[in-house]
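Across the two complexes that follow, subunit A remains constant while its partner is subunit B and subsequently subunit C.
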Partner chain A sequence: MNKSSLTVSLSRYVLAAVIGLLVASLILQSQGYPITEFLSVLATSTVGTPYAFLDVLRWMTPLLLSGLAFLIAARVGYFNLGVEGQIYIGSLFSAVITHVLPLPPVLALLVGILAGMAGGLIWAYPCAWLAKRFGVNEVVTTLMLNYVAVLITSFLVKQFFLATTVNGGTIQTITTDEIEANAVLPTFTPYSALNAGLFIAVAVTAVAAFVLGRMRTGYELRAVGEAPKFAKYSGIPVARRKFQAFLVSGAIAGLVGALETQGVLHSFIAGSLDNMGFNGMLVSLVAMNNPIGLFASALFFGVLQNSQLVISQVTTVSSYLITVVSALFILAFAANPIQFIMKTWRARRER
Partner chain B sequence: MSGEFAALSAVILFVIVSGLQSATPIMLAATGGAFSAQVNVFNVALEALLLGSAFTSFCAAHVTGNVWIGLLVGILTGVVLAAIFAFLTVTLGGNEIIIGFGMNIAVTGLTAVLLGSLFNSPGSFLSPTAGSFPMIYSKIGWLTLVALLLVAVAHWHTFHTRAGLRMRAIGFDSSAALAAGIRVDAYKYRAVIMGGALCGIGGAVIPLSGLSLFSVAMTAGMGFIAIAAVILADGRPILAGAAALFFGFTSAIGIQLQAFGWPNELVLALPYVATVLALLVKAIIGLRREAKRRTRQADQGQITTTNIEVVA
Partner chain C sequence: MSPIQSGEDYIVFSSISKSFGSNKALDDVSVIAPRGRVTAVVGENGAGKSTLMKVLAGVVEPDAGSVTIGGERKSFRTTREAALSGVGMVYQETALVPELSVWENIILGWEPVGAGATLSKHRARRDVIELSERYSLPVPVDALVRDLPVSVQQQVEILKVLHRQADIVILDEPTSVLTPQERVGLFDAMTNLQAEGKTILFISHKLDEVLNTAHHVTVMRKGRVVASQDNRDLDRRSLARMIVGRDVAPIERRAAPALGRVVLDVSSVALGALHEGPGIRGASLQVRQGEVVGLAGVSGSGQYELVQAIAGLETPDRGSVVFDGTREVRIDAKSNSAQSVSALRAAGIGHIPADRNLVGSLRGRPLWYSAVAGRLHEPEFCRRGIIRIKTARALASDIIAAGDVVASGPDAHPESLSGGNLQKFIAQRELMLKPVLLLAEEPTHGIDIGAAREVRQKLRQVAADGGAVLVASTDLDELLEMCDRIIVIFDGRVVLDKVRAACTEEMLGAAMTGLDEEQAA
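On to the complex of A and B.
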């Protein structure tokens, strides 16, 4: 990449960051805080306490994999907006299996993870099949199944898996029983929820990056996504590859759910997985659907995610402010005003 | 015998009334979205338009005590947000799904932040001063009639006006339309903004019908269901309105089923499942039509190398 196009790409990120930062700071200022408040919140959430950065890494785990799930589907041209729901189902599957089956240490862990991946894959299956067999637009079907996933997991837990409290009373939130100790992913310190799931997430992403970048399957997926007719004439089974990619995307989303259940929550807790899917989509978009870029992007969004808690602790402003920042960042990034300005400037010069 | 008949007719009445009420915002959003679909703009931001208008109309009605001012402000918000969407996608060339989805997230977050900051009541806020739209019968408001009327007006616009013809031309082949002298970008803006105005009305209906309440993410996917209705209708206003009505009725049927003992969550999931099934049915019909067209063309000897589609 030559120097000018590198600066153009970088400036795209910088502009988006500036816009997000500016709007957040302005909103905070309108509530009576100093204009630098947002910056100080960001600083606190990264290095404010000795364990802040560990928490950032804790958030990086689901964000990385969720972004990977979206990315794999995007490679073949599918917008898997159903990652959200697939995470829910994966989390429930993992929580139930690891609670019900008593297994030796490593096996319990693996079974839970596989159960989670199976759950995500199963939830992605209808959308993938409808898209493959009938050409049904996957954007709407995946979105609809998100809502159904939240509702159906609530229902299943309330009906069959609701946790029982020690003295036999009923629990207030929709939670399942604690999972077996053998299935729990160990944490590093008691002060942070960061757990061994991070290693799994990094490993899976690294493997995926290798497959997508250097192996034949990755090449085929990219061909299917960018030039389907060429791919078909090359002998690549286009419909089947797209279908498989969609299912893998769902499986990885399920993995996110499993890692959250086994690493942090130790059960299924409705409402604790909110927005992980959508944030993962943002992570992937910011990484320009490049698997190597996912690491940096997930780190960035991990900082944002951690600052969500800080905002609600330190200010009276709703933690949704971070949602606004992420969304504005994506909008500024996707709309790419710099490219537009440069294009019109060049066109005007040539006239 | 008459007792059962009375019970049944009460159920049917409830389904119709409740269905019309829940369908109204979806109908308006779907009709608005139909305009975007006619010019080939995949307007995924309908949810954002609905939610944003819902919030601003609620605030305006709360401050002034007048729901009609709320309606006006809602329409304005819909227009402004739609203009932003059009600018980001048509002029700046951003991907419609990403921009639309980004706007959805942005508006959800922004309304949540403002809800907390302005009313000091995070989560939801019940307004004592906002009031609600006048009802004709039980829970069917005048705006429901307006919505039905607008569907008819949209149909007239699409198929019986010159502007509608041009929009359809753009949707069919935008390069040809451009070559014919139609200002494609201007019409795209126009389509999206018209849709935004309709979503503005739809958004105003949500918090101000009965309960003067606004809660975070109040639209709960209505915008996405409207998008599904638009896809089902291929941009045709009457079909889009009908699809929206259908989805509204599934919500109402669901609530009735709750009375028969169906579990709460499964009933709430009904409209979403119905949407997926409806899309499936449409896809099957589409495939059948395509197959029929192919055999007809083959019979008439019209298959050439150019119109054999490589179906991947």
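On to the complex of A and C.
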């Protein structure tokens, strides 16, 4: 990317953020809430205390990986809307394996993570296979399997893995028993849920960025996604690469579930993973499907998600306002006013 | 009615200049096109022909100069403005919506509106059918555009312009994708148009069709007009000299070396139709080292399917293809096509595909992406799975230099190259492989005569160097000029296989249209 196009994309983001906040302020104003308070909560929750930013990074972790999961499928032309469900399955797999198998420290951690990835992969497999074998539209299959994933995990937990209370009774929330301590990803401070999962997420994304950008595999995936006929002509096994990318996408989604289970929740908790996959899709779209851009994009959404939790705790403002801000941001980003401005400006200069 | 009579000056370009960056595409160009006549604009790739036509069509705004039509000064800012004034342009690369049917594409943007502002489908469809009959451009009105071969897509483009009731029709190399038969159809259509008083401007590389159809010929070279005159005073040789700026010698045909071993053995290959037509139904042929073999046929006769099977892109239903290059590769019904392609490439097959945009290059990415097509298994371009961008870019630069391609460099995107230049790039890329067998589909499609001669000469050189070439082309003159042997496909079968010396144009034409078989029967 050259310098001027970088400036253009950066201004695209900045403008989108400004528009998002501006409209949110108008909404606040009309409801009689002080804007300053809203903005100060937004700032405090992000950088106000030494631990605030750690919480932002905590939310960035799953967003980064679910963004990556979406992006890898998108590279070959698949729209994996099933990241959500694949995360659920990954989380459950990880929670069950690490609870059932008592393993030594590092091994327990690894086995849990691999189980999660396997879960995500297994959930993506039928969609990938149907798309490859019969050309079934993956948007439909992945989206539908999300519902199945959410409900089947709850069902399985209720039937077989429901947590027991200390005195042996059952509890109300649909949740599994706590996982073995050996399988838990270490946290940095007791004041934040941020854990070693961040390093895994960053490392995986960095490796993926390198593979996609510099390696033959990345070239092949790009060719398959952007010019399938050219890919076939070049001797790239188009169908197989698409299939593989779909499964990798599912595995990375499963990894998100595993990291949530082993890093933050320490069990499978129904309802605690809502929208994580769909937010990943937004992260990837805002990053314009650029793996390096995922970092900035995930950080941004991390800030929003973190402040969403804080805002409802300390103010009377609805936490949904943060959803409104992020929705407005994405709208303004997708509409791309910068492009329009540049075009008019150029046209005027040429006259 | 217009006061300007047929034959009088109608469209006047005066002193048009246009630069793209430092490149002067048009330099003080003045051209006059008479009303109701066919004016041909000829010249090499990048001579400025398309740019000049785009000025008229409202696509390009000139830096200086003006256009008048019938004495009225016009400056169109958009194609729609131009279309409303009766100027329509058919581009070299089609821009149709693949998911829509033919008639939908034709009316798109100019839909006839029925009662209550609804689209009157029935009327629209009927109009399109009428139009296609009137101008003898038979298109399947209900077929989806994506299912049609390029040649039919182009006819749809022409109909689209006609549907907009263009008074001035600009055709940018309309015949480059048409078969001889279709070309006749087009020329008939042009005659019809002209009979209705329409003015036609057409860009072409083909000397014969210019000489046969145009009343007035304008020759451009490097952004300037070098000649603008009546067709009467022209012949092939003088026209070719004006275009290139020097004499164009016929390609050199050195005494054929003794033919070597069989490198390609196709036996009874059958493959269902990929577009329209019969597909290929049991074709056998052999190609030996040291020969250039031509594959002739009316488009849709099955030669496309045959080439796809030979290239390993499609698995044949029956029969086998055995390629004996640096090692033997056998393709039959049990083969996996992705493996076949890479095995063939590794064994020394080169392939210039017919579709340079979707098959031959990776659009939207720097040229070096296209340059390394099928070569990433070579350690020179990819080591330990990591692409060596430096050598890949160097390869792209080499191809640009060796193929005489006009491109800003290895980072230019394929879509920024003119059609002819991209074709040269792809042809040169395959030539750089030093292939044992080079499959060439329409290798000079859209290239000007000077460059086409270069490409043909290079293809002959492949054979002279001990390789073999199989050329599929709808241009009979090209095949007669460069081949040692010509094979004609008709209705999915090989109907003629003769050495060049024993072939005449009439004989080939008869074989291509199945006249031979009828006579025999």
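Heads up, the rule we're going with is that the second predicted complex is superposed on the first by the 328 of 351 C-alpha atoms of A that agree within 3 Å, B and C clash if a C-alpha of one lies under 4 Å from a C-alpha of the other, contacts with A are read in each partner's own complex, and residues count from 1 in each chain.
Convention: a contact is a pair of C-beta atoms (placed from the backbone, for glycine too) under 8 Å apart; a residue touches a chain by one contact, two chains touch by 3 or more.
Please read all numbers here as calculations on a predicted model, not as lab measurements.
Superposition model on subunit A: subunit B and subunit C are shown in a clashing arrangement.
Of the two partner chains, subunit C is the only one touched by A:223; subunit B is not. More residues of subunit A lie in contact with B than with the other chain of the pair subunit B and subunit C. Of the two partner chains, subunit B is the only one touched by A:340; subunit C is not.
By the touch criterion defined above, A:313 lies against neither subunit B nor subunit C after alignment on the C-alpha atoms of chain A.
Once the two complexes are overlaid on the shared chain, A:36 sits clear of subunit B and of subunit C alike. Shared-chain residue A:189: touches no atom of subunit B or subunit C. In the superposition on chain A, A:27 makes contact with subunit B only, not with subunit C. Judged by the touch definition given at the top, the superposed model places A:214 against subunit C, while subunit B stays out of reach.
Contact with neither subunit B nor subunit C is seen for A:173 once the two complexes are overlaid on the shared chain.
Note on the superposed arrangement: subunit B collides with the subunit C stretch 116-124, while the other options among 8-16, 26-34, 116-124 or 260-268 stay free of clashes. On subunit A, the surface patch touched by subunit B in one complex and by subunit C in the other comprises residues 229, 232, 238-239.
Interface residues of subunit B facing subunit A in the complex, by the touch rule stated above, are 44, 88-89, 91-95, 97-99, 101-103, 105-106, 108-110, 112-113, 115-117, 122, 216, 220-221, 224-225, 227-228, 231, 263-266, 268-269, 272-273, 275-276, 279-280, 283-284, 286-287, 310, 312. Residue ranges of subunit C in contact with subunit A, taken from their complex: 311, 313, 336-339, 341-342, 344-345, 351, 353, 355, 358-365, 369-370, 372-374, 376, 382, 385-387, 389. Here subunit A touches subunit B in the complex through residues 27, 30-31, 79, 81, 126, 130, 134-137, 139-141, 143-145, 147-148, 151-152, 154-155, 158-159, 224, 228-229, 231-232, 238-239, 242, 278, 281-282, 285, 316-318, 320-324, 326-328, 330-331, 334-337, 339-340, going by the rule given at the top. On the subunit A side of its complex with subunit C, the touching residues are 214-217, 219-220, 222-223, 226-227, 229-230, 232-240.
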